[in-house]
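So, here's a batch of structures to check.
Below, chain A partners chain B and then partners chain C, in two separate complexes.
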Partner chain A sequence: MSKKQLGFFVDVKRCIGCFSCAMACKNQYHQEKEVVWRQVYPVSEEIYPHRQSAWLSLACNHCQNPTCLKVCPVKAYFKRDKDGVVVHEQDKCIGCGNCIRSCPYGAPRYNPVAKKAEKCSLCWQRLDAGLKPACVQGCPAKALQLVDVNQFADPEAVQYIAGFPKFAALNPSVRFRAPSQPRVIRR
Partner chain B sequence: MVIKDFSLVLFTMLGQMAVGLAIMAALRPQTAEGPSEGKLKTHWLVAGCLLVAGLIASFFHLGHPGGSVLTLTHLSNSWLSREVLAFGVFGALLAATWLTLLKSGTGSLLGRIAAAVGIIAVLVSGMVYAPPGFPALNNISPLVLFLLTAFILGSALASYFADDKLQPTLTMVLAVSLIVGLVINLLLPSMWLAGNKAAQMTGQNFLSSGWFWARIVLEFVIPLVALAAMKKIAVWVPVLVVFGELVGRIMFFGSVVHSAATIGGLQ
Partner chain C sequence: MATYNKDKVEKALSCPLNRRKFLKGLLAAGVLAGVPGGLLRAVASEAGIVYEGDYQVFRNACPRNCYDTCSIKTFVKDGVVQFIEGAPESSFTDGALCVKGFSYPRRIYSPDRVKYPMLQVGRGSGKWRRISWDDALNRIAQKILEIKKKDDSLLGLGLTKYSGNFGITNYGVEGMMSSLGYTTRFVGTPCWPAGIDAQNYDMGNMWCNDPEDMVDARYIILWGANPAWCSVHSMKFITAAQERGAKVLCIDPVFTQTAAKSDEYWQVKTGEDGALALGMCRHLLDRGMYDKQFVSEHATGWEDFAAYLKSNITVEWAAKKSGIPAAEIVRTAEEFAQAKPATIWIGYGLQRHVNGGATVRAIDALVAMSGNIGKVGGGARYGHLFTWGFNYHALVQKQPEGSKGYLGQTGPKGEFDTGQGAKPAKYSDRAVNINQTARMILEAKEPPLRMLWASCKNVFSQDFDLNMMKKAFEKLEMVVVVDQFFNQTVEHADIVLPVTTLFEEWTENVSYWHYWLSINEQAIKPMFESKSNIEIASMLSAKMNSLSPGSCTFPTKIDTKKWMEKEFNAGIYKLFGISSWQDLKKGPVKAKLASSASWSGLKFATPSKKYEFKSELCATHGHKALPEYMDGRKPYGPYRLLTPHSKFNIHSQFQNLDWMEEFNSEPYVYLNPALAKEKGISDGDMVKVSSKVGQMTIKAMITDNVPPDTLLMYEAWFNKNPYNVQALVDDTPADMGKYKTGAPGVAIHDQFADIARA
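So, the complex of A and B:
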């Protein structure tokens, strides 16, 4: 049996673009104004050409081969054995920005006040206390879920969806369900 | 033109300039006697001073420069750690070469080792700036561009310190480097246009920039014409070349599009 690897399941079909997940993250951690750990990206009309919108709610993907961990010169990142969560130890960070430049998903952000990088921790403190991550807890549409990607077998789930850059070498621990096509009624 | 990470612009450029000067210095006879004695010492000294200036500039991009010594703790995986080590060793060898030259008047072997380590440092540096986050650069291009910078700036600036015997060699090295640089700098944006969305946006940023074309003319076309006409490096050529490299490096850090900027759109 493969090792446990926690990650987010983003159900784009259910997502209503309310930004509650991003707000829940802000409420939990009160990051600086410019710092965002979870971002809700609109899917462009080239991909989803309909009057209604589709959204991608993204944070750190806690990759199986995280580039942030690899490039950090001061070993400020580590990956937890028990669940694969990629943790950034801000005490060790010297603010070189190498992880920010390297992550293709833009997960680590620069905190201009602390002069250090920071990113989504997958709420590992909440996980250890038996709670769900704040964003998952805060989603009113159940569009964001925490799953073990190595065990998750939803037939509709995919690792890469249109609008999400593909970097196979990193193996991001995230799964998506594509948005449904709107019903067109012709007279 | 967007100016980002200017401290890194300076660090990479000055570091590569130092390496280039060391390579050209290693090509010279290493006896510090006769009329060229002073110039040989100055040649090595300028290389060292440029490196020190570059290293000082590099501290300004750190949020906490006090922790910079800790960057040596992840040599097993991090190219940035390896870059710090490589430039540190290169700096030590430059200093040793200069001191040996002062004391005994010769420093040939040390100087050549310093130049070789410098080339390794430039290649390692290229790996640091080839991350997945920038698809346009996530390939061999930063290594090639950085090495070209070292040869172009090294040969151009060395013309100020070299004696008459070395001038034809420097002229040849500069001409070949400029031709290769011209071809690569014209081809790269076209190749990026055939890549993913972030690479395409990068290619468009370059090709639509007046600075890009100004650099092509000032750094490559005019100096190449001058080299062909005069058969030597005129005193104003290094100035144009340094200006062109500075523009190129600012664009390298400021105009290349990060992959995250394309999330939600077609890749």
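So, the complex of A and C:
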């Protein structure tokens, strides 16, 4: 049996782009202005034909092979053995920005007040208390779920969805289900 | 009881790794794998706050004017709200809030809050000066006494209050006014009155099924409703129904987020929903695909309605009017009639028209003839006030002895007025139409309106015809606004008084959609010098009585927790199956319903006790007795202007917060690519939108979500931004609303405007 690797299942079919997940994160962590751990991105019209009607809710992908961890000169990142969560220890961070520049998914952000990096922690403190991550619990559409990606076998789930860049070497711990389109009758 | 079953939703929406399995897995992982790692490594540090555990937990409820009225769990440490969650005990809230709700921790501690009573030296000048509560109340009380002396009544004092805070004790604002004497009241509601009257004519009340039973529907029409934005917690029931095989059709002039989640979307011509519904009725009549037992045994006026359909309505006519092809109307009418149960969610948007009440009656008729009224998973869903039977202890206050007021007819003061049908006193308040606030201020005579008190209400954001409102306010001698932020109404005030947020006061909350009851505990001490509405009333009373003994009957000392308790009664306890409000500290409770279906016994509250396809009462009130087609408003400008709700705010609340700006930074006007091309407008261009009442310069966003003949702007108040859709919207009434709410609704979506590059 492969090792446990927690990650987000983003059910784009159910997602209503309501930003509750993103605000649930702010509600939990009160990040500084423009330091966003989770953001909700509209899928472009080339991919989904209706503007701002399908969304990708994205945070840190807690990659199997995290770049942030590799490039950090002071070992401020570690990957939890028990569940694969990638944790950033801010007290070790020197704010060099290597992780911010290296992560192709843009997960680490620069905190201009602390002058350090930070990113989605997958709410590991909540996990350790037996709770769901704030964003997952806060999703009213049940579109965001926490899964063990190594056990997750939903036949409709994919690792890379149109609009989400493929960086196979990182092996991001995230899964998606594609949105559906209604039959449209226009006058 | 055949009602919503949490298992049904969880089963339909289940994830391979469900919660229980997941927790078990974590436990195992923690024991087997976590310990060695944990011993080797110190707890990681983070910026700012993290989840620490050991919180004091309080029960709260979101009191905004929203379907969802969420039950909240508030986590407090060191007297500070750290974060909040949705209450897991409510199967409606189900542990989640929304983008607005989750911004509350910022709202409480926002640097932009009104912190102290303040005096503006020159309205609109922005020159605010902090004053003491005593000074503020003294100025206000002196003015009230001056008015009374001048006019020999307090009709020169007006109250405008609506839905800014639906916590039950906040009806103490109306109570405060009554305790001063007979005053002028802005009555009615801009929200949903035409539909309320329509459902009252048809069924004798507005009473919807439990929204949680939508999971049992086989066919759902979301008609003019956008729950993906305006009732996000309802979506899981709709999604679960879909995943159990139900079909979802969204009918809306705009391709909304809800449309994107539906199986089918119809872009109906704005305001022609009634024609569409009647076309479907006609087809079902022709095919005999209607519930013959229901129409003959449980309804009156069926024969007349059938005759009306036969002589006045055809599917082809409905297709022409609505823009939906006849073949689609026919196919869908049949699918809807064959699906059992089938339901229609009637949104509030489609009744904000000059023919809005008539439209709702036509849709009700479709649901009724298809035999879906009174059915679990069925129903013509609009709203309900079934759970609102509180004492309104704060509301019911006596006028001081010898008070003089208005002599004449008076009606209900809004949809929540419990005094309906009470014997008129010799004097009464002067009721004026809240949907024509500016016009009423300008026209009020003998006495004129001299002073306005606004609470739970942002007049400049929510009332119509901004330019007229500015003129109207010039006429007022004193304006007092009770609020939390320096919004556009506060800009036009003399005095602003800081009011508590929901976390700083005791009250209780219910919904007009779901059937849950929540207690709202005071979780933290009021910030700065903020006071709850009832505390403000008691303080004003103390000041009034010190200046003029006997001039105000409102108790001068109140215990706000006790006042919360005083709203409960045996009926509420019985309905919710609790023995005391204390039980609510364990979490919200749901009404014990005989069925999740409204009207399940098919005993209607109409004069005939049956469903009335033909309502004589409706005719008595100046409308058609039958749900006949009614023409929409004649266009007075080249493009239709729609100003519906955004997902980032509820009316003028939330969008002003810096947390919200991070996700939605500025307003737009949305227009179709064809119109943009014709006008030479590119995405992101600044454009001028003008209507007969005003104009606005704004950035354009181009999308075919909006039809080519339509301009769309979401109503909102952005901080430090003059954006205001009411600059373009006039105050033309809807057809219905006066019967149950005291004033007709307003044709918010029957507006027209032009657009050009700025």
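One rule holds for everything that comes next: the second predicted complex is superposed on the first by the 181 of 187 C-alpha atoms of A that agree within 3 Å, B and C clash if a C-alpha of one lies under 4 Å from a C-alpha of the other, contacts with A are read in each partner's own complex, and residues count from 1 in each chain.
The rule is short, and it goes like this: a contact is a pair of C-beta atoms (placed from the backbone, for glycine too) under 8 Å apart; a residue touches a chain by one contact, two chains touch by 3 or more.
Every value quoted in this text rests on a predicted model; they were computed, and no experiment measured them.
Of the two partner chains placed by superposition, chain B and chain C are both touched by A:114.
Once chain A of one complex is fitted onto chain A of the other, the partner contacts of A:67 are limited to chain B, with no touch recorded for chain C.
By the document's definition of touching, of the two partners only chain C reaches A:146; chain B does not. In the superposition on chain A, A:42 makes contact with chain B only, while chain C stays out of contact range. Look at A:16: by the touch rule set out above, it reaches chain C but stays clear of chain B.
Chain A has more of its residues touched by C than by the other of chain B and chain C. Within the superposed three-chain model, A:138 lies in touch with chain C and out of touch with chain B [touch as defined at top]. Touch criterion met: A:81 reaches chain C, while chain B stays clear of it.
With the contact threshold set out at the top, residues 114, 116 of chain A are in contact with chain B in one structure and with chain C in the other. Of all residues in chain B, those touching chain A in their complex are 5, 61-68, 70-74, 77-81, 84, 128-129, 131-135, 196, 198, 258-267. Interface residues of chain A, counted against chain C in their complex, comprise 4, 9, 14, 16-20, 22-24, 26-34, 36, 40, 50-54, 78, 80-83, 87-91, 111, 114, 116, 118, 121, 123-132, 134, 137-142, 145-148, 151-154, 179, 181-187.
Within the complex, the chain A residues that touch chain B are 41-44, 46-47, 56, 58, 67, 69-75, 92-98, 100-106, 110, 114-116, 162-167, 169-170.
Those residues of chain C that touch chain A in the shared complex are 13, 15-17, 19, 22-23, 25-27, 29-30, 33-34, 37, 41, 44-53, 83-86, 94-106, 228-229, 232-233, 235-236, 239, 250, 255, 257-269, 322-325, 328, 647-648, 658-660, 662-663, 701, 703-705, 707.
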